[in-house]
């Protein structure tokens, strides 16, 4: 999948396994993709599919098992500790939980200034304060909140602090790990709009991890669907919603409750069973046990991600 | 509601006011709501964090935090019986047996040191008025587990051995063990994945029909409401701003600006619009609610009148809206 | 824009001042903690100005055979002991030994144990495993027994008593600090700090410890109290501070024989031990609450 123009990030055969008492947990299993500069890749999947681990491994918060991640042509998995620190200025993470991701003992000012202070990227105090004020403005935080503590603020404002922090080092790539799933719908929309505006203004590239397909539709240019550590389908956003190919993607789409009455009459397809155990998975398709199209060849051999239509990749034996 | 015959309603809330009082402040959590739940139907209560949804549910069961949460006025009747004046032991009998509750987080609502079978057995034991034998009760446990889709062979297992979706099924099994007439489900699927949510919601609807229960479904997800509820009440800042049948709320008539805002905020699969239309601003401070209509600081259509006067409720048949902009209909009918 | 910047700058300076004021205000609002603070301050002043209150040699050490076992009076407010020594002089000079033993042993064992515990909790792995098993071995020996063993091996001096008590306390602090650090290390904001490029030491000092401080303060103050008791206990059985040097514990020991006839001889040092331990605990609880910005009131 290197046919895309100027990818800012290329992930090649990334594997991340965890040793557990019961065997090897395949959190991320041989995943490859690339993201073009200034676009958003939505990564969708249910809990335990490895989507958060994928994001965390890419920015080297977790040690990797195998594979390579090229950021602007350089393999970040070959970086040493010092280089990783440098690289993190360009690559940031926005956390899911705006409650636990902010140090409760620090004020808004301290929180936003922290990275600037640690990396010593300001001329003098006035410069630092100026920069913090500017970041608060960008993230939509009122200047009077500068001395508040995070527990005094609501979830939306806390997430704005997280965003201001992430932007403080002028990054070019941000991994957003479920940034709106802990927020109320009306606040969710505010934050999503803000993220999209910032992308337009600053040319940011996002990897947007979520379990919510309707959120990802709005913000993504391309969408990757993960199932038990594997990338099973990847396509441009519109294409994926119009023409989902993998049976899992289809059912995932039909499972979303739609806020309209037309859907009431529609007979829902409900996926039987639950997500396959990611510990030492069997060969073949990992969705096979829940799939109604399952054939004998589905449980044999290694699966491969194939380009079925232009830019539309799918990992399913139905398309052999 | 004037248009609905009184005897249809199994649970009725009238002009309920609830406050949380601490030394330093008073939180006005529920401010005069009217709700009625028809037998065998599902009522959805929609709203955001702090709207007073959970407080309403806890008030029905009289489970508000002691010493802090107080019901200051109003009435809650269940089958014509006033719940707010009942004694402790009478209320205990109603809880679980006649009205039960399903909480949001299945991880914390099960006791980790007891097997799931024991936990269901216990709730049967507590309300064992017919003095059934141990064997009969054990058979009930098996039947209940099967009814929520868990093999009875797993009843000797502990909660941690089940996945999140399975745990929520067990929580539901416990709640339904005594065939309650009313089940209050507080965000029962929020902690679950969509595919599991679809399974659990389908199962709950099936069980509701099978057992003939009435259900109050508290949620922030309008999609869930559209798919499972018969009636809907939209709550904002401790008040019901709009209510009606699901057709009223999702139909193309005039809605309360807050309801409109909620719909605009949802990223929907159907629309291709790139930008969402969020409601500006934040939930009001419940210790210091705005004057007039409590939504006016966030309302794009707010006028001087909205800032000063509380809007009268207007009825359009089953549909009810409290907004100055919406005129016509009948005023509130206080029998 | 310039004027705006200026206001923000002033605001931030003000906020820092406001924060320490806020901590003091919250502490002062806690009545029990204030009572504890007043009592312990009096005790400390008493120890500091012991020489002003009574001469060490003359009052606390020299025996007066003609003044044995005198009941409390204007001349001897706390009475005199079996050797005719003024009980008040011995209590105030004993306070020096008892209180400083409690504070010193706690500070040293908190320093050493805390460092080990923080490293164990933050880094984990083999280092954690080895250190914690060593601590388990130390913890499995009863504190008193171990202190007795150390003191009897090294000889009963104040210095050896201090060493014995300190060693027995290190595993306690290692455990407490480790577990409170562990509860914080899993939080997202520690990861956020890592992503921000902070170095480990900065994260431990700036993000981990301030959030883990609550249980550590409580354990610390409880430990001061417990150490005073332990020192008193060891002195009581003759392994701690040796007579004639006064210390609350050995005062109790010496008063044993006359306990029935002259109860004030045990009551007064006993009350001193109990009150100082209790008031230190009150101060600790108050400090923990005052330092937590989440508990506003």
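Residue numbering begins at 1 within each chain, and the chains themselves are lettered A, B and C in the order written.
Assume contacts are C-beta pairs under 8 Å (C-beta built on N, C-alpha and C of every residue); 3 or more make two chains touch, one makes a residue touch a chain.
Note that the structure is predicted; figures quoted are calculated from it, not measured.
Distance from subunit A peaks, on a Cα-centroid basis, for C. Looking at which two chains touch through the most C-beta pairs, you get A-B. Here the spacing of subunit A and subunit B, counted between their Cα centres, is 32 Å.
Separating the CA-averaged centres of subunit A and subunit C is a span of 49 Å. Between the CA-based centres of subunit B and subunit C the separation comes to 52 Å, rounded to the whole angstrom.
Here subunit B touches subunit A in the complex through residues 48-49, 163-166, 193-199, 201-202, 220-227, 246-247, 250-251, 261-270, 272, 274-280, 282-283, going by the rule given at the top. Considering their complex, residues 59, 61, 85, 88-89, 92-93, 95, 97, 100-105, 107, 109, 114-115, 118-119, 125-126, 129-130, 132-133, 143, 146-147, 149, 151, 162, 165, 169 of subunit A touch subunit C. Listing the residues of subunit A that touch subunit B in their complex gives 46-47, 154-157, 184-190, 192-193, 196, 211-215, 217-218, 238, 241, 251-253, 255-261, 263-264, 268, 270-271, 274-275.
Within the complex, the subunit C residues that touch subunit A are 4-5, 8-9, 11-12, 14-15, 18, 187-189, 191-199, 202, 207, 210-211, 293-294.
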